[in-house]
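These are the structures, in structure tokens.
Shared between the two complexes below is chain A, which has chain B as its partner in the first and chain C in the second.
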Partner chain A sequence: MTVETGAERQDIEPQESHARRWRGLGWGFVAKLLMMALVNALGLSLILSALNVEAWGILVASTVLLVIADLVYFMRRTLPLKYILPGLVFLFVFQVFTLGYTGYVAFTNYGTGHAGSMEQAVDAALIQDERRVEDSPSYPLAIVQSDGELGFAVTDSEGFVLVGTEEDALEAVDGASVDESGTPTEVPGWEIVPRSELFADQDLQQQVVDLRVPVSDEAVDGSIRTRDGLSGAIYTSSLEWDEDALTLTDTETGTVYRASDTGNFVADDGSTLPAGWVVTVGFDNFVRAVTDATLAGPLLKVTAWTFVFAILTVLTSFGLGLLFAIIYNDPRIRARRSLRTLFILPYAFPAFMSALLWRGMFNREFGIINDWFFFGADINWLGDPFLAKVVILWVNLWLSYPYWFLVCTGALQALPGETMEAARIDGAGRWRQFRSITLPLLMVSTAPLAIASFAFNFNNFTIIYMLTEGGPPFPGTSGLGSTDILISAIYNISGVAGGAADYGLASALSIVVFVIVGIISAIAFRQTRKLEEIQ
Partner chain B sequence: MRKQIGMGAAFVATAALLAACSSDPEPAETPSAEAETSETAEAPSGEGAELVVWTDAEREEALATAAEQFEADTGATVTLVQKNFEDLRNDFIAQVPTGEGPDITVGAHDWLGALIEAGVVNTLDIGEKAADFQEVALDAMTYDGQLYGLPYSTEAIALIQNADLVGDTAPTTWEEMIQMSVDAGFEDRPFILFTNGTSGDGYSAYPLQTSFGAPVFVQDESGSYTTEVGMGGEAGEAFAQFLYDNGADGTGYFTDTIDYDTSNELFSSGESPFILQGPWMPFFDGGDMNLVVSPMVTAGGEPAAPFVGVQGFYLSSQSDNALLANDFLVNYMATEDAQRTLYEADPRVPALTALAEEVSTDPVTAGFVESAALGVPMPSIPEMGNVWEIWNAAEIQLITGSADDPAATWNDMVSELEASIG
Partner chain C sequence: MSEQTVTATAGDTRPRRTPTRRSRWWGEVGWKYPLAAVIIFYSIFPLVYVLSASLSDSGTLSGSSALFSDLSLANYAALSDTSYWTWVANTLIVGAASSFGAVLMGAAAAYAFSRFRFTGRRPGLTALLIIQMFPQTVAFISVFLLLTALGNVAPYLGINSKIALICVYLGGALGANTFLMYGFFNSIPTEIDEAAKIDGATHAQIYWKLIMPLVTPILAVVGLLAFISAFGDFILAKIVLVSEDQWTLAVGMYQWVSNQLTSNWGLFAAGAVIAAIPVLILFLSLQRYIVGGLSAGSVKG
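Right, the complex of A and B next:
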């Protein structure tokens, strides 16, 4: 019965789920209840800790997910969803979110010089601008309070205790007492704030850190600040922040730094303050990758080599693996099983270890490749742009042919014997058999794997980084090299290793790579469907 | 009353304080000894407060020891978070703005430019304690005239010689050193220059470069580097010629085959008597080699000044416990005891002058201290990553002989640098 109408379906009582069944002992339901209790406990603890550290994004996401999970598992109508929900959650958390976030970063200027908010950039500018008055001594200091107003009490070099607040400049007070180190212990009219109170209350601590007590009524004299709550010194600051106009003004030189669209404070003469903030920059990052003269040229070469690398790696390793698979599939060979096991060895080693070993073996002067196989010739394997590419392909071939050997051996053994026999009877030679029967049938099962292998090698960072680090470098300032593939070039450009990171540009390029791999895979998978028609 | 304004900031400061006293008050009474109870009676004051400090594995134990005293004195908790040293910089830049960063992190001084651009690091004021530190260490942690970190160690490369092969007299010129090697039968490889394989390493070749009078950036009067490229001109060309003459197309002393493992292997197995390297090399650990460490020989006539690297502690600009963190850094970590603990856990030359002298009784350490004394801190501008790449690439081309015109190659590199720094 292949056709099922709706009317018929109604007649059939759907089988009740074990997890819902009340009949009998109801163990299924109990088990579900326990599992869901666990899920809820986990979710609640996540929500509470997110609340605790004020991570609102995580809070909302985990609340929504928890509610959905409870609905799905306790409502009758959502029965089918319960099978796919765990998978969907993982897809959402680990794929969609990562992809979305990378997409978001690609449209910002997030990087070393643009790491936080504008508020934080202003903080940084003010911090970097405030300087201790040269030769200002350190004064023993106590934090004092009166009617909720905070102030500093300091002892000057002659033993006078002076008190001041943010509004009122320092003024001497009578009748104060100090301890041996000179710290005021008693100030008439003021209550000393003990350090314990200070450390226990972060808001108070912040107020003390932010408090500047002017030394005199003249602002140029500077003001007392404390960094540790024990001593104070005189500081001056020349930058002034205007919250409404979004400008920082240097009161000494009169220079006005304005907040620009690019996330920097820029003066009229073009000079900028060091710290910037994150802003969205639209398609700038994508445009830069293709128009920046120092980047565009090398990136084009890198892209071409990435394709060459990925395609040649798949072709060579597939070819070699298939060749060995056919040879070692011949029943006349003894000890096939043990030999096959040995073939897997390169595949079993960690790839980065193998790459490092090969790097040493290809050393021009001390490596055994030159010493043993080229009679001590001085061949610059890793320093020559062409040879370095050959080395990369060779090592990757060594690393990946065992995989194809495995796959092809399995596929060969699954080929229908009668088809081969029919071909033989029809008088097909060995080559004809291979070309017209074996290979097409093999491709049906291996082509999707070849596409996956292409996508993997397209982003095979490990081998490039461990073997050549992308070198030898292109001439010029791009920082890229002859063996860089797109993903290692992105790593270089992002500057994570160098200090001046540009995550925005790196994310934009990652998305381009993602799109390329996606399109190629889609086309290739479409093509493989034609292969299936052979069967 | 206050006519003195403008006559020097210090004078103003003092004058202002005096002015405030002009109402002629009594000086505060200093309590008698019996009344003095505050030191002993003071309860731990930081109860419940928590300081988060990022550190790498090597310093974790030393920090834990130093933190114990602080915890006992203040009642605050110090939480140490261990990370890979290489990850600290980027994690700090990424996490401080989100509020998830630590209060304090361990770090290298050449991160400073990036940290400042990212706005994640706070200034530090160690007051009178500054006098106790080596000047080079404070200079390294200073950016645009402001101190940003508490230094604790300095390091620099120096000439290491195998005394069993060439005797224990340290050479002073390039010719002298080569002669010593050749006399001892090492004409193939009289000296090992680390090139990080085929990548090139401007850092290791730098003492040779400065001996030609070609510092990477022009130095200001205090000796610190500006951002004006200083290695062009005749001096730079002479150094380029020197590299070329000793590379594959010349004597062959320099090759692009020396990476970390190779250099360690060649030197420790006695294949070559001289190497220009730092105190981190594994062959120091065995202690069975008879080694002499001295400042690098001069090849161009001027002193061979290495880059000095400084490590220290940075304070987050977004710390919620700024007072406590400052207290910890200035009043605990800047003390001789704490710095000695750090030295014992991970022997790098201490930044405190007194301690550095103390550990210089060891001749090997003394050699590195002497070499570092010639040097200036490695530049910490954020563009350094780019500078290294361009610089290394040019040097390796000269060494392999793939560039035929040393002066032209060098000058191209200099103009590329100027373009990339902008």
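Right, the complex of A and C next:
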């Protein structure tokens, strides 16, 4: 037990009995108990709410994690895990899982029109197709609200009052009262929205007309809707779902929509219903990225520019930083410290703000670049495909050369003096010294950083998006632009920011990026080892 | 030629007033001063410009091209009518929480890897090394889908929650920092632990009372790097935080500049100056550590 108490070390005679050594629970153990109580409470609440909304994946994952946590912290043999587990949980959920899930999504058609399971797609199809049943009865209806949520209260043919909202299907309530026309006037737990308010408020009217209150949990049963806010009618779909044959039949036209392998309901004449579901599509997304007429060309250009951008950024900023480091690593220069501080200021300025700042400075009409340096010329820096690329490289150079200046200065100062001296004695010229001694030795410490910087810039979403948002756009409908790099192209295609979503294709491109980054890292490893052998 | 110049200057740095000495001084050292002036102009004119724009009276891009034509605090005052200070608070909350969490979890993991010998230690280290090569930001679609699913179960873990964003950042913490810290922990001699163990200290006591004080420098570096990367992150913050009152500075200021750049320019400039000054001070005072940390971690926030 003492292992767990975390109490102060006690100087005790060795022969003293265990019972006497017991000084109660240490504060460390109490703290651990409190932490674990909190973790268990959080975990249990997560499990219960997962059960509530039938999110089985989250239910299983949180149960497993909670059991593991309890085992690890209440067993004595799991000492190392006690220290690693917290980080490991986050790593697994938010990095390993997301990496794996990206891999899965890349092989599906997940996106707009293909979300969720086939059952959800059937429900969506039934709801989208709902129409008022002809000659169906209408029920007296009142608009009710509770906590800002609108609902309908209707009186059915037997005089019972039922209440429901968009989320919750109609359910009978006790203790409601109705007036002589049958309209509910008082519903316990709900506040009746007065007619006058409904007539005065345009937004509210629209919300009421759009409101769809399901009759039951089954989409087949249809819903209650209203046109006037006074009476409601049952709307049902003309589609009929056959669970065994996996077909939706339109009872009015007789068209049969069959479930297809591509996650759609397709009729014999080729027409499809808008609602689909997620299916795995093999390598389709990858194939589409290179064969689709609207996408393949732009994506190729984007990939090429990604490499050009990353390579040129590293080369220019490394080159400039190294040059300045060599020039100013000179003991004869006065005030070197202050000079250095001034040189690296751009690096200390937050990167995203620099990008936004330069975006304003390169503004065509009012920006100071045109105003100060080009005599007020009308140069469309960010709107021209070539100039926009130049601007991005220029700004990234401004941002990152100070980093290389610092790194190279440090590396130069660490160079062995004897080697340089030996070279000088042997009669090596300045250029020769630089080429044959300084640079190779410098590369040992800086090459891994250069590769890391390449990998970082390969995915440097911030600078691209803050400066140009990937624009100017390519002609055509790809939605991509001349300064888009792969990650910003993925961002546009994925539709997480709005618009049509294509998670499948976007994830497939993410996989491509992962592969490229993985290869670069592998090369970096080998290179580091090779360079270390020089030393 | 080089031998002569080197020997001539190495021993004697006193400038002599003879013409040859002077021209040699110009050729070797003197020209570096005008060049330095050019470099300084390149590196700081945007910063001087943003300071001037923040003090400009008009608050628009077109009205701020003359440097320091007027000195008014109108833009700074106008910030309080916007959500700027909410964004600052959000950024500080997210940055502080994720940096605190990254330090705690990274240090604990580094301690375990450095001090305990257990099965799965080597594979664990290798796995971490491989995982950290794959940037979390590229998997943003899965992060989005995961948070959407989690949000249905527990809204505090879903889209538009700062807690969710912090969790996402913490997911990258172990991979990014463990190695940096692991190396540092290894440089603390194990004899210290052994001595403490013989004196009866528990593993927790050794960790909190002995190791942690000794590794404070690396804790500071990791904390700072985690803060900077949370501060500078744009893509994940933009996806996760949807409503204006939840935004961080990066998302909010991007929105200012992307919508109606010209009219929001004064606000942006003032906001940038306020946000950048503490970062600049912190950065310049901790320059050494950051560069050391960067060389090991290689991230620019």
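Here is the rule we use: the second predicted complex is superposed on the first by the 329 of 535 C-alpha atoms of A that agree within 3 Å, B and C clash if a C-alpha of one lies under 4 Å from a C-alpha of the other, contacts with A are read in each partner's own complex, and residues count from 1 in each chain.
One rule holds in what follows: contacts are C-beta pairs under 8 Å (C-beta built on N, C-alpha and C of every residue); 3 or more make two chains touch, one makes a residue touch a chain.
Given the structure is predicted, the values throughout are model-derived calculations rather than measurements.
In the superposed model, A:G417 lies in contact with neither chain B nor chain C. When the two structures are aligned on the shared chain, A:Q202 is found in touch with chain B, with no touch to chain C.
Look at A:E469: by the touch rule set out above, it reaches both chain B and chain C. Of the two partner chains placed by superposition, A:G148 touches none, neither chain B nor chain C. Looking at the shared chain after the overlay, A:N363 reaches both chain B and chain C. Within the superposed three-chain model, A:S45 lies in touch with chain C and out of touch with chain B [touch as defined at top].
Applying the stated contact rule after C-alpha superposition, one finds that A:T236 touches chain B and leaves chain C untouched.
Within the superposed three-chain model, A:G254 lies out of touch with both chain B and chain C [touch as defined at top]. By the touch criterion defined above, A:G270 lies against neither chain B nor chain C after alignment on the C-alpha atoms of chain A. The contact surfaces that chain B and chain C form on chain A in the two complexes overlap at residues 53, 359-360, 363, 365-366, 469, 496-497. Those residues of chain A lying in contact with chain C across their complex are 2-6, 9-10, 28, 45-46, 49-50, 53, 55, 57-58, 79-84, 86-88, 90-91, 93-99, 101-102, 105, 110, 324, 327-328, 330, 332-333, 339, 341-354, 356-361, 363, 365-368, 371-372, 398-400, 402-403, 406-407, 410, 424, 427, 429-430, 433, 445, 448-449, 452-453, 455-456, 459, 461-462, 465-466, 469, 487, 490-491, 494, 496-497, 503, 506-507, 510, 513-514, 517-518, 521. In the complex of the two chains, the chain A residues touching chain B come out as 53, 112-113, 115-117, 120-121, 123-125, 127-128, 130-138, 155-156, 158-162, 169-180, 183-185, 194-196, 198-200, 202, 205-206, 208-209, 215-216, 218, 220-222, 226-231, 233-234, 236, 274-276, 359-360, 363-366, 380, 382-383, 468-469, 471-473, 475-477, 479, 495-501.
Considering their complex, residues 2, 5, 9-10, 12-13, 16-17, 19-21, 23, 25-31, 36, 38-39, 42-49, 74-76, 89-90, 93-94, 96-98, 100, 110-111, 113-114, 116-120, 122-125, 127-128, 144-146, 197-199, 255-257, 259, 261-262, 317-318, 320-324, 326-327, 330-331, 382-386, 388-390, 393, 396, 400, 402, 416, 419-420 of chain B touch chain A.
Looking at the complex, you find that chain C touches chain A at residues 1-3, 6, 9, 13, 28-29, 32-33, 35-36, 39-40, 42-44, 46-47, 49-50, 60-62, 64-65, 104-106, 108-109, 111-113, 116, 118, 121, 124, 131, 133-146, 149-150, 152-154, 157, 167-168, 170-175, 178, 199-205, 207, 231-235, 238-239, 250, 253-254, 257-258, 261-262, 265, 268, 272, 275-276, 279-280, 283-284, 287, 291, 294-295, 298-301.
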